[in-house]
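What follows is a set of structures for review.
Shared between the two complexes below is subunit A, which pairs with subunit B and subunit C, respectively.
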Partner chain A sequence: MSAATSQLQSLLPRESLLWIFAAQLVVLLPHTMHLPIWLLGAWAVAVYWRLEVFRGRRETPGRLAKLVAVSLVVAGLVLTYRRWFALEPMVALLAVSFTLKNIELVSRRDALLSLMLAYFLAATLFVFEQTIPYALYGIVCVVIITAALVAQQGRGSARPGRALGLSTKLLAQSVPVMLVLFVVIPRLGPLWAVPQNTKAASTGISDSMSPGDFSELSKSDKPALRISFDGALPPPEQRYWRGLVYTHFDGRRWSEPGAADGYPRWGRGRSNRRPFGDTSGDDRALPAVGPRYRYQIIQEASHNPWLFALARPNSETRGVRETGDDTLVYRTPVGTRLAYDVRSWPRESVGEGEVLSGSEQRRHLQLPASGNPRARAWAKARFEEGMDGEAISGALLSLYNRNFTYTLKPPALGADTVDEFLFTTRQGFCEHFASSYVFTMRAAGVPARVVAGYQGGEWVDQQGYLLVRQYDAHAWAEIWLPGRGWVRVDPTASVAPERIRDGLQSAAAEEFMQDAFLPLHKIAFVTRLRLQWDMINYRWYQTVVSFDNERQEGILRRLLGEISPLRMALFMGVPMVAALLLLLLWLKLSGRGPSLPVASRLYLRFCRRMARAGLPRNPGEAPGDYARRIERELPRLGPMAVRITRAYEKAAYGSDMLAEKQLRRLVRGFWPLRHTRQAQAQT
Partner chain B sequence: MQKIISAIVADIGKVLLGKEHQVKLALACLLARGHLLIEDLPGMGKTTLAHALAQVLGLSYKRVQFTSDMLPADILGVSIFERESGQFRFHEGPVFSQLLLADEINRSSPKTQSALLEAMEERQVSIDGETRPLPEPFFVIATQNPLQQSGTFVLPESQLDRFLMRISLGYPTRDAERALFQGVDPRAQLAQIKPRINTEGLRKLQSLVGQVKASDSLLDYLERLVQHTRQSPECGVGLSPRGALALLHAARAWALIHNRGHLLPEDLQAVLPSVAGHRLQSDGTDGTQLVERMMHQVDIIAA
Partner chain C sequence: MSVESIRKSTHPNTAADQPASTGAKPLFRARWLRWLNRRLPPAQTVTLDHRKLFVLPTSAGMGLLLVIFLLWLLGTNYENNLVLALAFLLVGMLVILPVHTFANLSGLKLQLRATHPAFAGDYGQATIALSKTGKRRHERLQLAWPPEEGQLTDVLDAEPHEIRLDLPLLQRGRVQAPRIQVQSRFPLGLFRCWSWVDLDAEFLVYPQPKPAGQLPIGASVGEGNQQKTFAAGGDDFVGLKNYQPGDSLRHVAWKQYAGGRDLYSKEYASGSDARLWLDWDLLGGRDVETRLSNLCAWVLDAERAQVPYGLRLPGHTIAPDLGSAHKHKLLRLLALFPVQGVSQ
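Right after this comes the complex of A and B.
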C-alpha cells in the first residue's frame, strides 16, 4: 500500500508528460533523415501506450511486453543495417532506447533520464550535419528540452510561455560560458573511430569518366569547393583544380585503378611517399623560388578520397598526402566538409630534367587493343609526317578549333566513341574533347593522361574566396613533353575559350541548367541571394566548424601571449571570478534598497559603536527607547546617548538641518569604548 | 493647547485610575476623528472612560445598551405620525449625539450592527429617503465583551475596519486598585468633571493633527511595517491602504498629544497595536500578538 501511494505521488502529471513527448519529437524529427523511418512509428506507439497508461485504460507493460518490444526493435535494427559497428546503427540504437524508455516513464527520475538522453541525442545530430540550419535547429532542440526540464518542477511551471521563457533566459545566460568553453576546451581527436556510412552516394567527380558524366554534373549548382588565397590569386585561365588523373582507357571509359581506395599501393610515380601527418620528413625538396600560391580549400562532402588543388601541390594538413600523379588525397573518403591548406608551384616554373620512368611511360601510352581505327590512323599519319609531340598536339587542337562545336547536349556515341566524335558528330563537351585528345596523342606515341577536376570558379569579393560549383567540373589533358615534363593542354579551350575564361554559364548560355525545375539562375536577385547565403555558410564554416586545435592555439596565443597552464587558469578563472564578484556586488546593491539619508547613517554609526560597547540596538527599538535603555544600563554613556538621540530625532524626523550638523559632531566625538576605559582608569 | 490636553488626560485619570496610556489612546482616536472599540470584560471601566471623555470634552453623550432584539430604528430614530400636526415627525435616535456609547455592540443582530457602522462611516443617516447629517464631532465608542461569549454576533472584519482603534483596558495595577478602594466613588468624581474644551476648540485640535509632520525616514519605516504585514507568512491578510493611513493618522494624533510637531517612530509604535491589531487577525492568532512580534522584527532605521 505504501509503495503504491509513494508511486502515485511521484507519478508524472499530464503537463510533464506532454512536455517530454514534445522534446522527444523535436529531437527525433531530424534524425529521420538518417535513421530508418520506422523509428518514428515505434516512438508513436510507445507514446500512445504511455498515454493509455496515463488515462488508466492500460497497465504499465510487464516484463514480457518489454522484452518483446526490445527484441522487436533490435530485430528491426539488425534487419535495417545488417552490421553493428558503424555510426548510424549506433545512433539508431540510442534513439531506439530513448524511444522505448517511454513505456516505463513512471517517476520524475525517469523523466529526467529521458530528457538528459534527449540532449545527447540532439548532439548526435551534429555527427551527420554541421550546417547553419542544423545548428539553428539544435538550438531549438536545446530550448525545448530545457523547457521540458523546467516543466518538471510542477506548480504552473509547465505553462508553455513560462517554461519556454525561463528556458530561453537560462540558455541566454549560458551563452558567455558557451563562448568561453568553445574557445578554451581542448580539441581532442576522436578517441575511437566510428566508421561513417560509405554507402552514401558520392557526389562530384567520380573515379571514372565515360561520356555523359560531366554533362550530368553541369546540371548541379551545388558548391563543391571554396578557396581562399593567402596572397596572389591565379588568373582565371590558370584556375585548374586538379582532382583525379585517369590513365586507363577501356575504349569507352577512362578510369584510374585504385583511385577509389585512396591509392593503397604506391608502386609507381615519384617516390614522394611519406607517412600521414608527418611533415618533417619531406624528402622532396620544395622549390624555393617562383610564384607560389598559398590557399585554403574547403571541400564539401564528396564521399571520395581525392582532393583538389592546383598543379604541384603540397599540403601540411593532417591526413592529406600527395600522389605520384601530382594530386592530393585524404586518408578517408571526405564524409563531411574538409578544410586543407595547400601550396602550389605552377608547373611552368619547374620540371626541367625530369624523366618519365619506363613503367610510367607504358602506363601513359596504354590503349585498348582495338577500336577507333580512324583516330589511330590519323595519329599514325601525323607521326609519320615526322611531327613531334607538340606539333601533333597543335594539329589536333587546330582540328578542334576549325570544325567542332561545344555543347552540353552532344549526340549519343556508339562503340568507337573517339572515331565517331572526331570524324562524325564533332559536337561535344569537355570530356569528349579530353578523351579524344588523350586517345589520339597516345596513338601518336605521346604519353598523355586525362585530368578531371574543376575549372574556374566565381570570385566572391565581399568575403574574398573563390566559389567553385559542381557545374564547374571539367576534364582536360596533360601530355609529357621531353624536357618540359607534364604540360597541361585543354582541348576545350581551343573550341570554347569562353568556357575557360568566363565559366560554363557564358559558354553554354542556352543550354545551361536547362533541365532545372525552376530557372532560378536566370533571376539576378535569386542568384545574388544564393551567393549571400553561400558567403554566410563560408563564414560559418571558417569560424565555427573548422575551429580546430591549430586555430584554437592561434587565438589563445594572440590573447595570452603564450600558452601555459598558469595563463590558461588565469584566462578562465579571472573572468569567472570577476563575473561572480559582479553578481555579488549586484545582489548586495539591489538587496540594500535605496540609500539611507545622512542622519540615519550617522545614527547607525552610533549604534555600531554602542554595540561594540556591549549594548546593541534591537531592530524594532525606537531611538528614544534605546537611549533610555542606555541610560539605564550604562549610565556613564547615558547623557551623551540622549543628546545624540535627540539630535537624530530632530534631524531625521523633524527635518532639522542644524540638528544634522550637531548629530555629525556628536557622533564624531563619541567613542564609548574609550569613554568607558577612561572611566575605569579613573576609578 | 498642550495645557488643555494634559488637563483633559489628568481629569480622566482621576476617574480611571492608572490607565493613562489607554486614556491617551482614546483621546488620540477622537482627535484623529476615528471611532473606538473597547474590548474587555464587564466592570473594567469601559463605560466610565466613555462617560468621562464626553464630560471633559463637553460633548453631548448618549448611551445605547445593545441587545439581541434591537432594531436599526432604535438607534437611528423613527418617523412617527403626530395627530395634532397631522404629519410625520422624525424622532431622532440616540445616534444623533456627539459621543455615542454603544455598549456591548456584539449582542445585537448584524442588521442593527451594520446600521450603526454605516452611520459611523457616512457620518449621516438616511431614513425615509431623507438624509440627515449627524452632529459634528461625531464619535462612537463601542464596547464588546471578548469574542468567545455565547449569544453574541461577532463583528466581521470589514466592520471591525470601521473602528480606528481597538483597545482593552485590562485590570488596574495594584496601586491603582488600592487608590480606588481608598478614594471617593468614581461615579461621584465623574459628576464633578467640568468641560475643559468646547466643540470649537476640539475641532481646532482635530485640524492640528493633520499638520504634524511625517519625515521621509518615518514614512520609510511605516512602509516597511506595512510591507511586513503583507509579506510575512504569519499575517493572513496584510494591512490595507486604509489601514496604513489610519495608522499614520492615529500616530499623528498621538504625537500631538505629546506636544510634538513631527512624528517619531515611537508614535507609530505606540498606536500600532491598537490600530493594526484588529485588522490583522489571522487564523486563531490574536492580531495584537502579531503586531508585538512585528514591532520587534521590523527595523526602524534601515531595512
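Right after this comes the complex of A and C.
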C-alpha cells in the first residue's frame, strides 16, 4: 500500500533537502578534526550537484558519473589510510557513504536512510571525545537530525521554528526513558576487539626520554590525571605517580626497548594476569599486609597504553594489568578518558628477600660502550673507595645539592650529555638529574633505572580529588639495594626540594609557563575559574562517562535497598507506567474541546438527572420546550424544571451572575429520582 | 421494482485491497472484514478514537531500531556511555512516538457530505468533511481508497475542512464504497497510525455510455414490432441532423450554432410523433448492459443536441423533455435498471 503512494508524494521537496544537508553538515563538521578535510569538500560537491539537479540545471548523474565519484572517494580513502582496521577509516567510510548517497537522494526512503546514518555518525563523535562540549554538541546534532526528520513530513513541518520546536519537545519527552535505561541497562563490556583511535598524537609522557622532553611538557597545564582517594591520602613528598620505567640508555636517550609495540600486544584479551617477567609468577599472592592506599585514577586520553600509579600497585579494573617493572598498563592505548581503581601496598611489605635475577641485573646495569668518561671515572673512584650503593648515592646527591641549579631552560648539551651536565653546565631539569644519576650509579655498579611519571598534584578541596597536570610530569630514579629492593631516589629533590613539596609552579616561578600566549595562570580569578571548570569535568566524568557496572549496582542499591528481580521490575515499570499515564492524561486534556460555560454545564447536569428519572431531553430540543414537556409528563417535577430552565436561560443568555448562582443552587438540590420515590412512598 | 432486484454491489476494492494488508486467504479476509465491521460499523459520521486506530512502526521506524541496536553495540564495545546514552534517548523516542502519532489522528471527525454520481468506468467523487473535535490539530492526514492515491491534508482550524476523494467505478448501479484508509505518519514518519473508516458512502453509477450511432430520430417501434417511417419534409419537428450543403438555410438550427455547436439542420417530418423516443426495443438483439450503455449514450447526445427526448424502458416510460434534471432522472433509471428483470 505504501509502495503505491504516488511518486509525486515521495519526491523530495526543497525544504527536505535543505534540512538533510543541514543535519549532515552539523554532524560532519566536528569529524573534520580526525577525518581528512577533503571529505568535507567531497560532501560540498555532492550537495552542490544535488541542488543543481533540483534546480533543473543538471541531469541526475548517470551510472558512469556515480562510478567515477565512488572510485574517486574510495581512492582518496585508500591513499589517506593504510590500515583499515582502525577507527578513523571506518568512520570515514560512514561519512563517505552518506556523502555519496546525497547524489542520488531522490525519494523519502533515501532521505530517511540518510538521516539514520546521520544519527550513527553523530554517535561516533563520542568515540573520539567524551568531554562536556562534545556531549552538548552531540545533543545539538540529535536535535537537528530529528528536526530534519520532522521536516520530511511536509512544508508546514519544515519551518525552522516548528521543526526544531517539535524535535526538542519529542527529545525532551524521551529523556526520562533514557535516564532509566542508562541507570538500569547492564554494561556487558566489550564483546569483541574493536579498532581504536590510532591517529591521534600521543600526549604526555612518551616511551623514551631525551633532554628537553620534560621541559616541553612543563609548558602544558592540561590535566593528566584526577585521583580520588578512598581513605588515606599520601603526603605530598610521596606522591610519585609512576608510569614508565626506562632501563636502556644509548648515550643520549633513555628508553624501554619495544615497550610501545609490546604493551598493546600483551593487552589482547581480558585477562588481568601478568604476561611475563614477574618473579612471583601468575598467581601472585597479594601481600598479607593490607594496601596502604586505595584510589581511583581518571586518566585523560594519552594514546599510550601506560597507566599511572604509586609503587606496588594492583588493579582489578578490567583491561588493566601490572608489569614486571611495577607499573600498570592498559590493554590498548588510552584513546578516551579512562578510570581505573588501584590499591598500592607499602614498599616494605614486598621488598624483603627479593633477589634481582641475572638478566634483570644486566638490564639495569646496561650502559653504552663508550662516552661520558668523567662521570664513569667519578663513579669508579667512589666504588674503589669502598662505598656501598647507598653511600655513593648520598655522595652524588650532595654533589647536586651543592653546585647545581634547577631550571626549565638549561643550556644545550653536546655529545657527552652526562659529563657536560655534571661537570660543566650544572643547570638542568628533572630529566637531566635523573639521567645523570642513573648513569653514574650504573657506572658504580649499582642497578638503577629511570622512572617517568607525574609528581605531586593540586588538591581540589570541594570535590576531594588530586588534579595532576601535564606540567607535573617528572622523572626520577630507582636504585636496587640488596635487602631493600628497589628504592626511590629523586635527585631533583636534593636540588629543588620545593619542586617536590609545592610543585613546579613555585619551584620555577620565573620561568613557569613563560611561553604561554597569555599568562593566564597569573590571574587568580582565571585560575579559579579553570579549577571550577575542571571540577565540573571531574563530576561529569565520575557520574556519566565512567558509569559502569559497579556504579550501577551502587546506585540501584541506594535507590532500591537491594537488587531483586521484583524491585528491578518495579523500578523499570513504575516510571514507565507513570509516564504512560501522564501522556494519556495529556491526551485527554489536550483532546477535549473548549470547555462549556458554567451555566451550560449545570444545565446539562440537570438534563442527565432528568434522563435518569426517565425523561431524557430530545436532541435539539429547546430548553423551554423540554421544560413544558416535563410539566406535561411529570407534573410533580414541572415547577422545579421550569425554574431551573428559566434560571439557565437568564444565566446563559443574559450573563447574569445572580441567575448563575441561583441555577447552581437549584440544580444541586434537584434530585428527581428521590423526589419521585418520596412521592411514591407518600402515596 | 423490488429492492432486491436493484443492482447494488460492493466495490471491488473492498475485496481486492484491504485484505492485501492482512493476508490473501479468503476465509481470513472475511473474518477480518467482519471484525472491522463490528469494531468500526459503517456510519456517515465517524470520530476516530482509540478503538478505531491502529499504530505500528513503519519501515523507517524499524530502521531506527536497527540503528539503535548498532549504537548499543558500538557503545558496549567501546565502553562508551555517551554512545549508549544516545541509543537510550532514541529508544525513548520510539517509546513516546506512537503516542504522538496516535494523538494526531485521535479526535478527527470524518463526515460524509455527499457522493456525486458518475458513469461506470469513471471516477466517483465523495465529499468528506474533516473537523476537529478537540483543540488538537491533525496534521499530514492521508485519506484514500487504496490503491488510489487519495488526498494529503491538514486539519488545523476549527471549521470543517472539505476534501474530495475519487473512487474508480466499474459497474453501474448503486455501489457501496469500500472503507477509506485514514492514515498519518506524523510527526517523524517512524510510526504509522491508521484506521479503516466506512462512511457508508454509496455511489449512484450510471451505465458507461457506448455510442449507438445516430440518434433514432423519427424511429419508433410499433405495437407489432414493425417500424414506422416518417416522410421527411413535413411540418413537425423531428430532430437535428448534420448540416449538409444544400439544406435550406431556414432550417439551420441557429440557436444551437450560437451555443458553440456544429451546424445542424432542423428536420421536419409530417404526420407523426415528432418527439425523440429513446426506446429499449430499438436496441433488440443486444444484451441488457449494452442496451443500457447505448441508451445512456443517446441520452447524453440528445441532451447535447437540445432535442427533447423521452425514454421507454420495460416498465417505465418517461415523457420527452430537456434539461439537467430530466437527464439525471433518466440516467438514474438506467443505472438502477434491474439486472435480471428482463429476458432477452
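Brief remarks follow.
By our rule, the second predicted complex is superposed on the first by the 526 of 683 C-alpha atoms of A that agree within 3 Å, B and C clash if a C-alpha of one lies under 4 Å from a C-alpha of the other, contacts with A are read in each partner's own complex, and residues count from 1 in each chain.
As a convention for this text, a residue touches a chain if its C-beta (ideal position, glycine included) is under 8 Å from a C-beta of that chain, and two chains touch if they have at least 3 such contacts.
Remember, predicted model here, so these are calculated numbers, not experimental data.
By the touch criterion defined above, A:620 lies against subunit B but remains apart from subunit C after alignment on the C-alpha atoms of chain A.
Once the two complexes are overlaid on the shared chain, A:152 sits against subunit C while remaining clear of subunit B.
With both structures placed on the common chain, the touch criterion links A:62 to neither subunit B nor subunit C. Of the two partner chains placed by the overlay, neither subunit B nor subunit C lies in contact with A:669. In the superposition on chain A, A:561 makes contact with neither subunit B nor subunit C.
In the superposition on chain A, contact of A:600 is made with subunit B only, not with subunit C.
In the superposition on chain A, no contact is made by A:483 with either subunit B or subunit C. The partner that reaches more residues of subunit A, of the two candidates subunit B and subunit C, is C.
Under the contact criterion defined above, the residues of subunit A that touch both subunit B in one complex and subunit C in the other are 592-593.
The residues of subunit A lying in touch with subunit C in their complex are 1-2, 4-6, 9, 108-109, 112-113, 116, 119-120, 122-124, 126-127, 130, 134-135, 138, 142, 146, 149-150, 152-154, 156-157, 166, 170-171, 173-178, 181-182, 185, 187-192, 194, 336, 544-548, 576, 579, 583, 587, 590-594.
The touching residues of subunit C, counted against subunit A in their complex, run 17, 20-21, 58, 60, 63-64, 66-67, 70-71, 73-93, 95-97, 99-100, 102-103, 106-107, 133-136, 139-140, 142, 146-147, 149, 152, 154, 181, 185-190, 192.
Contact residues on subunit B toward subunit A in their complex (touch as defined above): 213, 215-218, 261-266, 269, 294-303.
Here subunit A touches subunit B in the complex through residues 592-593, 596-597, 599-600, 603-604, 607, 618-625, 649, 652-655, going by the rule given at the top.
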